[in-house]
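Here the chain labels run A, B, C and D in written order, and each chain numbers its own residues starting at 1.
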Amino acid sequence: MIVFEDVSHDYGGGPLFRDVSITLGAGSFHFLTGPSGAGKSTLLKLCYGELIPSAGRVSVMGQDRRQMTRDEMAATRQRIGIVHQDCRFLDHLSVAQNVGLPLTATGRPLPQGDLTDLLGWVGLGDRADALPPTLSGGERQRAALARAVIGAPTLLLADEPTGNLDWDMSQRLLLLMMELNRMGTAVLIATHDMNLIRFAKSHVQARVLRISGRKLTAAGAEL
Amino acid sequence: MIVFEDVSHDYGGGPLFRDVSITLGAGSFHFLTGPSGAGKSTLLKLCYGELIPSAGRVSVMGQDRRQMTRDEMAATRQRIGIVHQDCRFLDHLSVAQNVGLPLTATGRPLPQGDLTDLLGWVGLGDRADALPPTLSGGERQRAALARAVIGAPTLLLADEPTGNLDWDMSQRLLLLMMELNRMGTAVLIATHDMNLIRFAKSHVQARVLRISGRKLTAAGAEL
Amino acid sequence: MSRDARAISDLVVPRSGQSVWLVTLSAAAMAFLAVFALALAVSAAQLARGWSAQLAQTATVRISAPPDEMERQTALVLEVLRTTPGIAEARVMDSAEQAALLEAWLGPDLPLDALPIPRLIELLETDAGPDRQGLRLRLSAEAPGAVYDDHTRWRRPLVQAAARLQALAIVALGLIGVVMTVIITLAASASLASNGQVIAVLRLLGARDRFIARAFVRRISRRALLGSALGTLVAGALLWVLPDLGSTVQPLAGFGLQGPSWALLLVIPPLTMALAWTASLATAFHVLRGVT
Amino acid sequence: MSRDARAISDLVVPRSGQSVWLVTLSAAAMAFLAVFALALAVSAAQLARGWSAQLAQTATVRISAPPDEMERQTALVLEVLRTTPGIAEARVMDSAEQAALLEAWLGPDLPLDALPIPRLIELLETDAGPDRQGLRLRLSAEAPGAVYDDHTRWRRPLVQAAARLQALAIVALGLIGVVMTVIITLAASASLASNGQVIAVLRLLGARDRFIARAFVRRISRRALLGSALGTLVAGALLWVLPDLGSTVQPLAGFGLQGPSWALLLVIPPLTMALAWTASLATAFHVLRGVT
């Protein structure tokens, strides 16, 4: 799915991390952790091509990011589900329309049944017709996850998807992601929540990556 | 500070909570918890007057919210520090300028030393001149807390202030809020993080409020 | 693009909001101004044409000849004039007319009949007018007593003024066109820029540039068409009512559009739409290129 | 407001961004148009005044009297004219002039000296002109052979046309004023509306309405002043250069502003600023009332 080769990134004020090499294989399950400001969101942005690394090579779904045209990038994004840390929505569309957008905006059919089921699972069944600005913080995160998974992506990137959620709901969302993973989707979740990581490790084969001090290391032993 | 008398709120689709009566005294320390979408942020908005309750009476700093003029409201807000769940900043000002805004925008002097110390404490010393859109999720929350406390408010309302932060940083921020509380500030924190509540209870006299099923109850025994 | 995809592309751009109103209203304002500039240009042209026509009628040929020559020379001159292109009509003034003409200068009592007064031939020239130099030469060759007087002295300042008026109206129309282009381009860009969020979200969900651009361009040019149609309608209605008001406010009486000129107004809305279309398409691709 | 507070209020409103450009550019565009409308109005007024003046010079008094009466009546008429308000100058035409005047109609050969031709007095009227009815009565009482001819026949259509032209220019100026008000109000509101976030944040931090409104109003009206000054400058420069171009493109020769009229342009920028100030203040308080 995603291969990083000696990737470094730098926003202009010194490198954020250096010489990162990882491979996220099909069907894998990874957590990404590290202190606030370490570069987790940056790494995710490199994965879905919003950023281009200042050094090294990122290939997404087998294609070198640098050599992809804008339309190839768009086509690739259709196979990636993304939960942003600041879940952005189209504020003039209802929650249901926003969740369905990855399909409708790319001309794919939207099965209404799936949409209803999904909204029910994340606990937004009765908020389907609300506008995003009226959602609570946690509701936004749930809607963002629903939007990320509706297209049955082959890769799911989630940036802090449970920061505003209580433990019960966090588990529920994690179960959804694990279910998707079981069906073949590669999953990468950036999170601070150690409970979430522990819970996941007791159910699936998950690797934990940790960014700190400009390096990416495999963690896990300490959990 | 804040007195709720039989307060109910309703956004239009049925009441969110009913007949809530609480008193937040000067120097008190409260946590507010409950499932996502229960109405925590709504309750906080009632406290600082962004919302007017659909029934009942809210008085803020001894004044009935309904009878306050716009300028009285502004004057009252100068004594309240607020951390929003979606920390909003002025995107064209630097982090330092944003943090200083509660003082500069109300014509109060801004002690540069205090500003530098505060930014250092929340770990934003080297991001002081950055623009808010370039901050990471956790950095935004830290900046928001710094902005809330710079005016030495008599009441601090924080909505999910550590959702995007790792445990070390969460503790650090909590210590800052406890320090403020020790100096007389009443504190109300809405959060899902049980570890945070436990940690606080081991240091200060904190009460835990819980919204669920349209009612506000005092919790704590189960922690 | 299928009907479904079309509906969706309409959906992704906010249906209202200030930026949409900006396009509609600036298109309306500019169409409104354009209608009046057009009316000004057309009225000026009509005014100028009217003056030229009035003045053209005052050209004359004067024949001074001994009484026995007079008839022959008059006939010769009339023949020359008849065969000169650019002269619509030539008519010998009778003495009563001539007396009336001279009365202002000579008084009613002068015994004109007893005097050897020259004969005057009044000319009605076509819009283009005759070749005056050639006409003078031919006349002096055929009838030595005939003098052509096109009253240039009188005419020049008025014709100049009319031409000047028309030039002004055209300059005004041009200026309004330029400002209109700028304002509509600006409004379209503002509309797009203020939807940066929408564009970024759609792009991240895998929508193609063409899809996003098309959604915006369609919405914006439709709004421009609507606004422009409204502005044209309001201005047109005002223009329709004005001559009625003009009957009391004299100077405005002749202002406005006549008959087929009204059709010119139909050009404004599609033109505005085309302008908005081009501007928003260019801006859309420009904005999109800045989004990864 | 202290200097510090002023600097801060400037700080809280974004210094750039599309909404700011919108105000600047629409003010510039509108000022640009206003300059030309003003020039049009002034030119039209000048044109009209020029025509009136030219035509006024063609008024005459004709005295037909027996030769022995002539001198006395002429003296009487001149006395009457001298004491008539509205007549700047009265001059007896000498016979050479009279001959030149009549040449177009009578030819050069007519023995005018031998004829009992009336005497002509050329009048130069002031802009207001005399009371024509009263003048006629006084003349016929004092000198029965004197006839006043103001050449109304010739004059009326031209005076009408000039008045019409001026009316058109004023209507154009009015329309541009209206559109200008609308566009600038719109731009100011758009600028405020697009800063809804800024307003909400400031309000939550305890800033007073007056503080917030003032910050916006100052920024917006300053931008409007800048834009308007730029637009006026560009249009003024164009207007300055135009007559030079006009010397080759004849019809534009007389277009433009002369001498003190240029000072009129100085009114445009402050006016635009005042407009923007009012519009943004009203909008600011309107927007603020929607924010708790």
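Rule of thumb we're sticking to: contacts are C-beta pairs under 8 Å (C-beta built on N, C-alpha and C of every residue); 3 or more make two chains touch, one makes a residue touch a chain.
Since the model is a prediction, treat every value here as computed from it, not as a measurement.
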Chains in simultaneous contact with chain A and chain B: none
Steps needed, at minimum, to go from chain A to chain D via contacts: 2
Chain at maximum distance from chain D, centres defined as averaged CA atoms: A
Inter-chain centre distance, chain B versus chain D - centres from mean C-alpha coordinates, in Å: 62
Inter-chain centre distance, chain C versus chain D - centres from mean C-alpha coordinates, in Å: 22
Euclidean distance of C-alpha centroids - chain B vs chain C, Å: 67
Per-residue overlap in chain C, given as positions that touch at least 2 other chains: none
Contact graph of the chains (line, ring, star, complete, other): ring
Interchain pairs in contact, sorted by label: A-B, A-C, B-D, C-D
Interface residues, chain B side, partner chain D - complex: 48-52, 70-71, 73-80, 82, 84, 88-93, 97, 101-102, 104-107, 147
Interfacial residue positions of chain D with respect to chain B in the complex: 2, 5, 8, 11-12, 14-15, 17, 197-198, 200-209, 211, 288, 292
Residue numbers on chain D that touch chain C, as the complex places them: 18-19, 21-22, 25-26, 29-30, 32-33, 36-37, 40, 43, 47, 51, 54, 60, 62, 64, 98, 101-102, 104-107, 109-110, 115-118, 120, 147, 149, 151, 157-158, 160-161, 163-168, 171-172, 175-176, 179, 182-183, 186, 189-190, 193-194, 249-255
Touching residues (chain side chain A, partner chain B) in the complex: 11, 33-37, 40-41, 85-86, 123, 127, 134, 136-139, 142, 159-160, 163-169, 192, 194
